[in-house]
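Presented sequentially are two complexes of subunit A, the first with subunit B as partner and the second with subunit C.
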Partner chain A sequence: MTIQMVLIKLALAFYVGATALAVAFLFSREEKLSLWMLRLLGIGVLFHLGSFGVRQYLFWQIPENRWFFSINSFFGALSYLALAVTATFFIVEREHRLGILGAFVLPWATIGVGSAVIFADPKLEGLVPALQSYWINIHPIVLMTAYAMFANAFGVGVALLVQEHQIKSRKPTELCYRLPSIEELDTLNYKIIVAAFPVLTVGIIMGGIWAYNAWGRFWGWDAKETWALITALIYAGYLHMRFVKGLRGRKAVYVSMLGFASVVFTFLGVNYLSQLHGYLSGRG
Partner chain B sequence: MTKVFRSVRFNIFLGAVITLASAMGTLIPQITETPEKVAQFQGVHPHWSRLFGFFNLFDVYHSYWFMGLLALMAVDIILCKLWSLPPDQGLVSLPPEETRELEAERHLAQKDAALKLKPYRADFKSAFPYNKAVEQAKKGLDQRGYAIQEDFFAQAGAAFVATRHRAQRWGSYLAHIALVTILLGALIRAVFGFVEMVPVIEGGSRAMQNKPDWNLFVDKFDIKYYPGTRDPSSYASALRVESRGKLLAQKTIHVNDPLDIGGVRFYQASWGAGGMFRSATLKFGDSVIRLPQRVLKKIPGTPLSVEADVMLPDFTVDQDGQADTGSLELKDPAVRVFFQMGPHKTRPIWLLQKFPNISFVENDDGILEHILRPPFRLVDVDPVLFSGIQVAYDPGFKIVLAGAILWLAGMIMLFYLHRRRLWVLVEPDGRASRVCVGGWSSRGPREFEAEFAALMGELRGGMEPRSDLLISRQVPAP
Partner chain C sequence: MGRFCVVGLSHKRQGSESARGRLAAVAAPDVYERLRERGICEAVVLSTCNRFEIYWCDDASGEQDWERGFLEELAGVPIGERHDLRCDAAAVGHLLEVACGLDSLVVGESEILGQVKGAYEAAQAAGMTGKRLNVLFQRALYAGKRARRETGISAGQISVASVAAQLAETIFGSLSGSHALILGAGATAELAARHLLGRKVGRLSIANRTLERGRELASRLGAALVDWEQISAALEGVDIVVASTSAGEPVLRHAQVEEAMRRRSGRSLFIIDIAMPPNVEETAHRIEHVYLYRLLDLQGIADANLRARQKAVEQAQALIREKTEELWRWLAALEAGQELSLKHSPARP
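Presenting the complex of A and B:
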């Protein structure tokens, strides 16, 4: 097993541990659980960064890949995505110190790294000529950062639905008191989406500028482009419904969740439809 | 009439229809992307195909109805934004009493009532005389990035409004104008622009369709592969463009690095091998023969001659059992040869470079039969490659780019700037003064509460305070 794989598997183990503690913290008032969740997560991130560093070093051994980010494969993309999810989680956690959100957000980071380890091929290959551009260090990173932020918003949305179910149920469990209020969760969901939406749209526009430099057209209705646009349209719908119609709570969360479903489809499903972005599935 | 088009319900509906139509175009095969899949679909589902064809579903994004929807969206955005001039309030509307209250403040009547409805309120007393207190409050806020908006000064007291990040109000406008600008750029491209693919073989030339006077010459085509593979690591064309024998420009173009002649751009888009080759090297026993294309050569020490006429870069056998190529890349090169002895010619035989133990004999109908272990093998082939040059002219791109920059500015202003608005009243209180500040912000209530308290603390600290700072939250913040 390569050092890269050892490190990422260690990261996965710590992520699984942190997720388990986060779920345990949902049902317990033990503050230590939350503290240890953050510690395990921190160690996991360090291993993950180490794995990333080693991968980057090996990637750069191929001269054509020098100074480009190793995000051209499914493995690299999933790994970066998981890292961005945890980074966003740390930021949200630092701002809000809710602790309890880990149970709803961290599974995404764990699934990301887990899928990379189990399903994706870690083999390093030379970049195809079309990807040998400084834009590969910008366009996919920006978009995947937005995806990671949306994953966090999705976690908050799930928490809101759970909380609403608790409040409406005749026998609310302790979870009801542990979770933040619906208003607070709704605001947080909104705040993350508001931060991520410009990142998403700017990432799409950057892709257009790269496409113009590589193929001579800003927009070509390629499946990946189209689905990224669909994602942006759904979130734009969410923002308009919220600002203009004052949509809040459960219904707003449903719209934002539809947006996240579109994110997942854009990232995974479209690789099998796209002619130009097929490289993620190894076809390009 | 415009009321319907301006309604949120209609716009959400329009957005949803565009979203669904866009999604449909990725699920139904599109003639511009995968014509072979469209043909296959038409073969399997003739009835559906007729319906799909009627609604242009095989070319959704270029259909009149889809373009109409986009145009309607652009018109709608303009209508909505025109109707809500002067600039809308931004993300969170100010308390509706704003205008009326400002008026009240201006006359210093009902000053407490004026501040009553502001989300946050701070009260403190300062040892400064009234004039100095006003000056100091303005200075303090100015230092913290606030601009003084409304200002009223009288013996009975002073009122002013200080704001920060007012530009946020324009964010929504900029973002929507940006969208219309981008759509306009796309329209200009659709009307005045063009794109065409010009495959030119190395050493050859070809005229363009959109500019028939222009000739593209590929003097040299360079391709490099990753070691041990047929995966290209880079490819480039030494391109020369001439118009009626006069040189317009020349450059070695790489992927991501085009040649630009007055806005017409030449991209290194693809490459491939047609059927042409410079030479094929055959091994026959101990003899090695290099065969130029379509040249009959004698095999030394035998009465036989051999000729190679066609090359396929990615050999496959098609459904009818005939030789075909899977792609134009050199994945599995094969060459067709004939052997001749006197007037007698053998049937054509396909030799595969990667699989020396298999070859195929072609009958009169072109059907292949495979033979094992042929006594000759194809050692190497030197193909004549063609360079796929995409020529594109997009006069709308700069407009799209301007739209993109506007969008970025709009997004930053709208989502990352937060407006703050403070209503400040200073009244004489004997030789000292009383300061009362109302606050509002588009920031989240929790964040602004902390910020407001800190700001007021600083303001009070610089004004020789004579009382505690009293901060109250008046009504739930918007």
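Presenting the complex of A and C:
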């Protein structure tokens, strides 16, 4: 096993541990669980970064890959995505002291790294000429950062649905008093989406510019392009409904979840449809 | 050999109210003064609404069975056999039980911990504490904190008004930005309003059918007054409604709430209906973003919380037994001229 794989498997182990503690923290008053969740997560991130660094170093050993970010493969993309999810979680946790949300957000980081380790091929190859552009250091990273933020918003949305259900049922359990309030979750969900939406939009426009440079056209209705647009439209709809119609709470979360489903499909499903953006087709 | 004892009257003894009332009026420094006259230089007086207790250490060389006479002298009335005297390990155990809230009317209440702390600090300031009482009280306070943190004896609110106020926080978070409207001006309405004020609700308004009574309550609570006819309009701007009028029929109807929600752009509305018969049409709960809790719901939650606390009592008792044994062994050894070390320093953060 290569060093890269050892490190990422260690990261995975720590992420699994942190996620388990986060779930346990939902049902226990013990503050130590939250503290240790953050510690395990921190250690996991260090291993993850180490694995990333090693991969980057090896990637650059192939001459045509020099100075390009190794995000062209499924493995690299998933790995980066998971890292961005934990980074966003750390920021949210720092701002709002909401360790309790770990149970709703960290599974995504674990699934990201887990599927990279289990399903994706870590093999490194030279970039095809079309991808040998500085844009590969920007366009996919910007978009995947947006995806990771949306994953966080999704986790917050799940927490909101749980909390709303608790209070509407008139039989709140201990969990109800441990979760943030409906209004806080609603605001947080909205804040993350407001922050992520411009990132998504900029990422898509960058893709257009790159496409124009590489293929001579801004937009070509490639499956990835279409689905990215659909995603953006759903989130734009969410923001519109919130601003104009005052859509909040449960129903707003449903719309944002539809948006996240679209994110997941754009990232995964489209690989089978797209000629130009397939990680699996290997054409980049 | 010296003794550690506690004598006192508590709510647990029927018929002790009047004597307790009189003892509560006695200033602690006077008690210390009289104890010193008896040659007792280490004592703590704990005086609250529910108990009057004197904890002391002496060398057991003086007069015996003076406690009842002493209390009667302080109270100025006979107390009969309504007092409790405990010594040695039983006294240590009692102190721990009191500090942990197991001897309180409401299991696990937290006020008593502050009262024990206050009593101990006052005794310390009066120069009435020595090594034995210092260690015993500091350990008891620490055990009280631990019992509340590690067991569920003080988890969950157990009164209707406090459950309601806590639920408001699960909807709005901090209540400092929330506006509460109280319908009614009776005692229950006031109690609920005070609980919301206790949680720092941002704004409070009162509406009452009889304007004069409403105004009275509003001025007592520092709240705004809303005209009874303007309730529908007021619903648009408030977050919490407490309905507690004696009206025999609903004062808030489904249609009224629905109409108000249309103008609230998705902000949650928490309606607390603690009136009997109910003041708010039950179907209002089905409206999106409306959370209607009735007296029965709140009572159910309060009861469940109390049952959960009582279940946790056993855990707390185990902690108390363990600590009693440890402290008693330490105390006995100290009397024998030997100092044992105690586990878990209370100075630990």
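Just so it is clear, the second predicted complex is superposed on the first by the 278 of 284 C-alpha atoms of A that agree within 3 Å, B and C clash if a C-alpha of one lies under 4 Å from a C-alpha of the other, contacts with A are read in each partner's own complex, and residues count from 1 in each chain.
As a working rule, a contact is a pair of C-beta atoms (placed from the backbone, for glycine too) under 8 Å apart; a residue touches a chain by one contact, two chains touch by 3 or more.
Quick caveat, the model's predicted, so the values are computed rather than measured.
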Residue contacts on subunit A - larger count, subunit B or subunit C: B
Figure out whether A:G249 sits in contact with subunit B (first) or subunit C (second), or with both, or with neither. second
Please indicate which partner A:P180 is in contact with in the superposed arrangement: first for subunit B, second for subunit C, both, or neither. second
Is A:H240 in contact with subunit B, with subunit C, with both, or with neither (first, second, both, neither)? first
Quick one: is A:G126 in contact with subunit B, with subunit C, with both, or with neither? Answer first, second, both or neither. first
Contact-wise, after the overlay, does A:W67 reach subunit B, subunit C, both or neither (first, second, both, neither)? neither
Can A:A214 be said to touch subunit B (first), subunit C (second), both, or neither? first
Subunit C-contacting residues of subunit A that also contact subunit B: 245
Subunit C-facing residues of subunit A, complex: 29, 163, 166-168, 170-172, 174, 176-177, 179-184, 245-252
Subunit C residues touching subunit A in their complex are 149, 155-156, 166-167, 169-173, 264-268, 285, 288-289, 291, 293, 297, 300-301
Residues of subunit A that touch subunit B when the two form their complex: 62, 64, 125-126, 128-130, 132-133, 187, 191, 194-195, 197-198, 201-202, 205, 208-209, 212-219, 221-223, 226-227, 229-230, 233-234, 236-237, 240-241, 243-245, 270, 273, 275
Interfacial residue positions of subunit B with respect to subunit A in the complex: 8, 11-12, 15-16, 18-19, 22-23, 25-27, 30, 32-34, 61, 91, 185-186, 189, 195, 226, 231-235, 254-256, 258, 265, 267, 269, 390-392, 394, 397, 400-401, 404, 407-408, 411-412, 415-416, 444
